[in-house]
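We just call them A, B, C, D and E in the order they show up, numbering each chain from 1.
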Amino acid sequence: MGAGMMKSLILHLAVLVLLFLLQFVISDYAILTLTRMMVLGIFASGFNILFGYTGLLSLGHAMFFGAGVYAAGLPIYHFGWSVPLAFVFAIFMSFVAAVIIGVIALRTVRDSFMILTLMLAQAGYLAILYFNRETGGSEGLTMPQASRSFDFLGLTIDLTDAATRYNIAVLLLAITIVVSFILIQGRYGRLFNAIRENEARTEMLGYNVLTAKLFSFTVSGTIAGMAGAAYAILFGYIGATFAGIQYSIEALLFTLLGGAGTLLGPLLGSILMTTLIDRLSEVTSAYFLFLGLILIALTLWFPKGLLGTIKEKWLPWLT
Amino acid sequence: MTDKTGNKTFNLTRRTALKGLAAGTSLILSPAVLRHGLAHAGETIKLGAPIHRTGIGAAYGRWYERVANAAVKIINDGGGINGMPIELIIEDDGTDPKRGTEVVEKFATEYKVDAIFGQLFSHVVAAAAPRAGELKVPYLMCSETHQLAAGGFSRYAFQPGITDVKSQIASMAPWVSKNLGKKVTMIYPDYAFGYGHRDFFSAAMKEQGGEVSTLIPVPPTETSFSRYFPQIDPSSDVIYHVMVGPGVLTFVKELGEFFGSSHPAIFGFVDSIEAVDLATPQLSFLEDSYFWEAAPRYAQADQTEFDKFYREAVGVDANGASTSDPKDISTYSHMFSVWETLFAIKSAMEAADYKGVEQKEAFIEALENLGTMEASNEHPQGKKVMDPKTHQAFGVQNISQVKSSKMEVVYTTTIEEGMYEPEVDYSKMSL
Amino acid sequence: MGFGPFLFLATLEGLVQASVLVLTAVGLSLVFGVMRVVNVAHGEFFMLGAVIAWFVATNMPGDPAIGFIAALIISPLAVGAVAYVADRLILTRLNYNPEATIVATIGLLYVIQQSVLMTYGADARPVDPPFYYTIRLPWFGYSSYKLFVIAAACVLLGVIWFVLKRTKWGLLMRATQFDRETALAFGIPVRKVYSFVFAIGAGLAAIGAVLIVPIQQAHYLMGLDPLLLSFTVVIIGGLGSIQGTIFAAILIGLSDGILSVFFSPTLAKIVSTLFVAMVLVFKPNGLFAKAKR
Amino acid sequence: MADVTFLKTKDLKCHFGGIKAVDGVDFTLEKGEIRAIIGPNGAGKSTFVSLLSGRTEATAGEVEFLGENVTRLPAYKRVRRGIAYTFQITNIYKDFPVIENVAIAVQSRLSNSGEKTGAGRIRAEAEKVLARVGLSQFAERKAGELAYGHQRLLEVGMGLALQPELLILDEPTQGLSDSEVSDFCDLVKEIAQNATILLIEHNMDVVMTLAGRITVLNQGRILAEGSPEDIRANRAVQDAYLGRGDE
Amino acid sequence: MAASLEVIGFDTFYGQSQALREFSIRLEGGKVLCLLGRNGAGKTTALKSIMGIIPPRKGKLLIDGNDLSEKPAYEIPKHGIGYVPQGRRLFSELTVRENLEIGLLTRSTGKQALEHALSYFPVLRERINQVSGTLSGGEQTMLAIARALCIEPSVLMLDEPTEGLMPSAIAAIRDVVIKLRDEGKAILLVEQRVDAVIPVADTVAFMDHGEIRETVAIDVLKDNPALLQKYVGV
């Protein structure tokens, strides 16, 4: 293991430990909102595997987040499945969805890929509305009280408890970061980067680029789906908005702000952006104005985002 | 000791080691404390109002906010609640479930409000109400949703200001079948709010020996409607319509263009023309048609003192328009719920001699036991009866007919006509 | 009502929708064709056109027709100016890089939408049509203004066609579209052409919006639907092809009107969205594309 | 089993619309050769090697490599079988360090041959390749910052890292200075000890120095083939270059 | 008297790599200068740099004595440079007339210039409303030249105009080039094939690696096969 990789590993572990420790010092509200930021950070991390590392810009990643939300929430709501079972099932379903969508979407490139993913996500969103008797449509469904706590390995886990939710989010974030770290440090990381940088050349070096892209797409979609499933079980509500365009764009925004192609970038972006919106909403109703301005500013002056710029200027070993 | 940052959420025993870090983080993560945390507990009653300032609910939200401010002013001018003034904290929820929930969390844990009220659209309520329950903060919705009475939420959720949609609709059916006809075509929004109308009204009509022969769902985002109208069954006696969102004016205009002067009887929920000026030339076809209204938009001949008082306080003229701009039509038939909710909070707090969050449970129980609230300045829409089991208040409903581009009440239901068997008993749940 | 009149109404409605759509989509298509820019903020230019029309119409004294005509002139110019500035300030600096422009125009979308929210508010507001007259047919009544919209769109399309095919300006644009480098070598200021095309594309969306506000109402969130529909039209018509765009707009307008009569409108939207997606995958040059080269 | 031909094409064609870029080429290459392909501009040289490497799909005809028909194989599978291609226009990962460019190629070879792909091993192998092409001192530099001649060498190094059976070099000396060209010739000779080399080249000095045999393409067909001396003396070839062979 | 075209010390880059080094030429009216060299030697880049399409990082450009070094690309043609790019680059979906009109767009020379340009190529007049992509190769080249003539240039630059043409078409193009030269235009011709330039050129400049290696008068070259061998191969 190289020194850079070691440093990077230590940094990431330190961030995770810090996130765990924070719960002992921050305010109740910070715990609640940081929980949500972490879940959305996981979503953006999944998006980042595809966008930041492999160079494929999907404008429809909310469809996987939404797939996770519904694949976890519907069995709990309709069939009374236990939460862990529904969670695992949702991850599996997101995986299946990602494979199928990936096979279709990866037939296109660049502009077409972006528009196609946008269209497919829109179709998914409309499907949720269409099957409103099952999904609750735009009104959504509130998870039954019974599902808000469950027994797992002899422990009673109460999802209405803020600290419990926070720790589950930290755990899932840790899993995401560690899995991504291993993936990106390994040979797939090199391959993804190569594809992002120069697809034609990579193919001529003997790589099956399409398979690699599909792999990236699948990992990305599955992580996004896991985030969606976590959202459903942790916050107890599922609704069509979570599959809407807004959420696809948020994933992009978090990633761009924090730094595409860095493991912690999406989380950082999620924390900063959510905090910013939360602050601004006390002052103005048009807080999305700033979201727009930040997007434009990022593309103009900060295409690498915060951590991306730091990585370029000071910490080249950052993963 | 008073924390210098004004933040009272710290547990002093566990903030020894990471004191500096904690202070810094909390400043970043909780900017709100600086603005609102300065008052000491027991000095004010803090009420949080997540309002649909933006998003598809904005037309309602703007008036909800106006009513809330008017009511709070009156309460505070009269000495507040139990001697404490109300501190009203309003934040936009974007008519969005996630943001709506976040704002509820913020009110509960950051501002530490005594109660939250004011959310309207059912998808926002569906996401936010359970969280309020988990955070154990009283949550009073102004939304008409039946989810509460159907048992979807918790003991902390109430709807004291406005009757739920199931009751509203059920109480309309006997009158419609008796006076307009038994065969009905329904045009309704293709989402949850519309399904309530579809299901409850179909069932109620059946009970009356009538039938809903044609159902025409229209997506809520639709912007043109004419192409749906040919589906209307020409042999229907009644067209029942209800539409919400930014397209309502287009909807009624196109309905009029389509039919001209000859058409079946038309009965609509006032939602179809909430915030729309009836004097718009193309709406003349609505003349003589009927609307459900909770609170009559146009001051009636027998207008009560209470309605007069309420209009004046909110700044609404006899036509339901803003006193400063006669073209600016209010959401008159819904916004009274904010007013009545605030006064319900007041009387429950007074009954519980509420001084602060320690008496939260007493406050909840007092809300459950509000019982009958007589028509008054506090309840200008009319008498209400709070059902302690469902946490739902029931009131009278009005059927109005359009006459000279105004609506005249032709029938007022009794509260009993809208009652149904409770589907849940929240009062037995733990607090 | 018999099936014939039923179909007749659906066709009329479809044509009205197609009329507005075609103007909006031609704007998008022109921008894509000449500049290779996917403008995600296009729907917001539409919305801005509607809102400015409201401001103009309500502040213009006298007959609603005067206000309407004033809006028809002022609104596209104002929106075009906004687009021109946006191009100069943002897109040129990004060198029209496809990914960056998509992200930046998403940003622009929010900026325009929220600026309108701050100034105009969240309400939906109607604009008086220039004339009220309902044509009574044996089976149903129909707004004469809607027929005017169809006619106006035809006239405007004729004007667009004339400008593109018969004028110096059109030649400039087409030359830039086909080969920007050679255009440059013949003294065509490509960057300026880009800025103007971006402005014209936005202006066309604004004209579509001015025509629609007497039917619908101006609302700060009204931009999303036209955006998605325009994308649909431009993809089916073939990215950058004006004729294809016109064809597709009529096809989509009519089929949307007729389909949603027979099926659930939401289902119709799902099917058409998936259909467009498949066109993108299997016929990336659009449905009407001839096999080129 | 009799010796299989190293590489063979049968009536290979590639037409773009009406243009016959490659129009019926029967070509054989023996193991261990250094073969040059020359011809006037537009003769179809680049298209021909693109057909061999799989970058372009053949309209008709066959490509046989080591006795197997590879005509329908995608490019990456041909690379895995040992056909490496270096680009005419420098095509490297400009934003990556030089060593990373080579490491990507090394990883491809190792993982395709089922060997371990530990970070240390890949780096070691990549360093070896850089040493061979003389770029060791630039290992950590951004590839895009290298001088043009060094970028060409890196391009070759990436091909080399694949340890191919057949290395196709498409105009490798284009843009190199004279001294770089002679270094390059030495490198190719060294590579040729382990691999067969197919070279498209304009610089006749290079061709004459390196090639054992020369194939001349003109208008998508083979015009002549033979030793450098034969080709130099061939009247048809001179005509093709001087443009009198249009008819 | 100022030269019609003078380029002084162009350094041009594609990203990091240098494509032109100290590229300088001087060309008088009524003369033909040929740039010769193999693929990638920088000939096309030289023309594009002159046109401002790939602006040089350093260097001066003068046309008829006017310094255009600081002008944006679209200003340069207006000062009298007609350009026939490699591969002709016609607007192939437009008609012959429209292609010519593009040449007229930025100068107010109008119909006269168009008629004058057509006078060199009567065949184009017959096909004036035909879509240019359907013309034969020779006609396309003619159109490309006519289009460049529409801006009434004093300098004409042609990038491999005879590439891929039938010998008869090559001869026709050659005749027009000679005619234009005789009318006093300064002509910069890029070719790969020596035989194509021998009948028309006054001077030949050999390029390699983005530099002019040698400039020779055509008479010298005709008598020196060794030079041919060195720069063109074979």
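The criterion applied here is as follows: contacts are C-beta pairs under 8 Å (C-beta built on N, C-alpha and C of every residue); 3 or more make two chains touch, one makes a residue touch a chain.
Because the structure is a prediction, the values reported are computed rather than measured.
Going by the stated contact rule, which chains contact chain B and chain E alike?
Chains touching both chain B and chain E: C.
Measuring centre to centre with C-alpha atoms, which chain is farthest from chain A?
E
So which chain is the furthest away from chain C, centre to centre on CA atoms?
Farthest from chain C by mean C-alpha position: D.
Consider the two chain pairs D-E and B-C; indicate the one with the greater count of contacting C-beta pairs.
B-C
Starting from the mean Cα coordinates of chain A and chain C, work out the distance between those two points in Å.
Centre-to-centre distance between chain A and chain C: 34 Å.
Which integer distance in Å separates the CA centroid of chain A from that of chain D?
Here the centre of chain D sits 43 Å away from the centre of chain A.
Distance-wise, how many Å sit between the C-alpha centres of chain B and chain D, to the nearest whole number?
Chain centroid spacing, chain B to chain D, equals 75 Å.
What whole-number Å value describes the gap between the mean CA coordinates of chain A and chain B?
Distance between chain centres, rounded to whole Å: 35 Å.
Give the residues of chain E touching no fewer than two other chains, as numbers and ranges.
Counting only residues that touch two or more other chains, chain E contributes none.
Give the residues of chain B touching no fewer than two other chains, as numbers and ranges.
Answer for chain B, listing residues that touch two or more other chains: 53-54, 190, 219.
Which parts of chain C, given as residue numbers and ranges, touch two or more other chains?
117, 122, 264, 266, 269
Considering every pair of chains, which are in touch?
A-B, A-C, A-D, B-C, C-E, D-E
Going by the contact rule at the top, pick out the chain D residues touching chain E in the complex.
Those residues of chain D that touch chain E are 38, 40-42, 90, 94, 144-148, 151, 171, 174-175, 177, 202-204, 232, 237-238, 241-244, 246-247.
Show which residues of chain A lie in contact with chain C when the two form their complex.
Contact set of chain A toward chain C: 57, 59, 104-105, 107-108, 110-112, 114-116, 118-120, 122-123, 126-127, 129-130, 245, 249, 252, 256, 284-289, 291-296, 298-300, 303.
Report the residues of chain E in contact with chain C in the complex, numbered from low to high.
48, 51-53, 72-78, 83, 85, 89, 91-94, 98, 101-103, 105-107, 147, 151
Quick one: which bits of chain B touch chain A in the complex? Just the residue numbers, please.
7, 9-10, 14-15, 18, 21-22, 25-26, 28-33, 35, 53-54, 91-92, 96-99, 101-103, 105-106, 109-110, 122-123, 126-127, 129-131, 134, 147, 152-154, 190-193, 195, 219-220
Once bound in the complex, which stretches of chain C touch chain E?
By the definition above, chain C touches chain E via 168, 171-172, 174-175, 178-179, 181-190.
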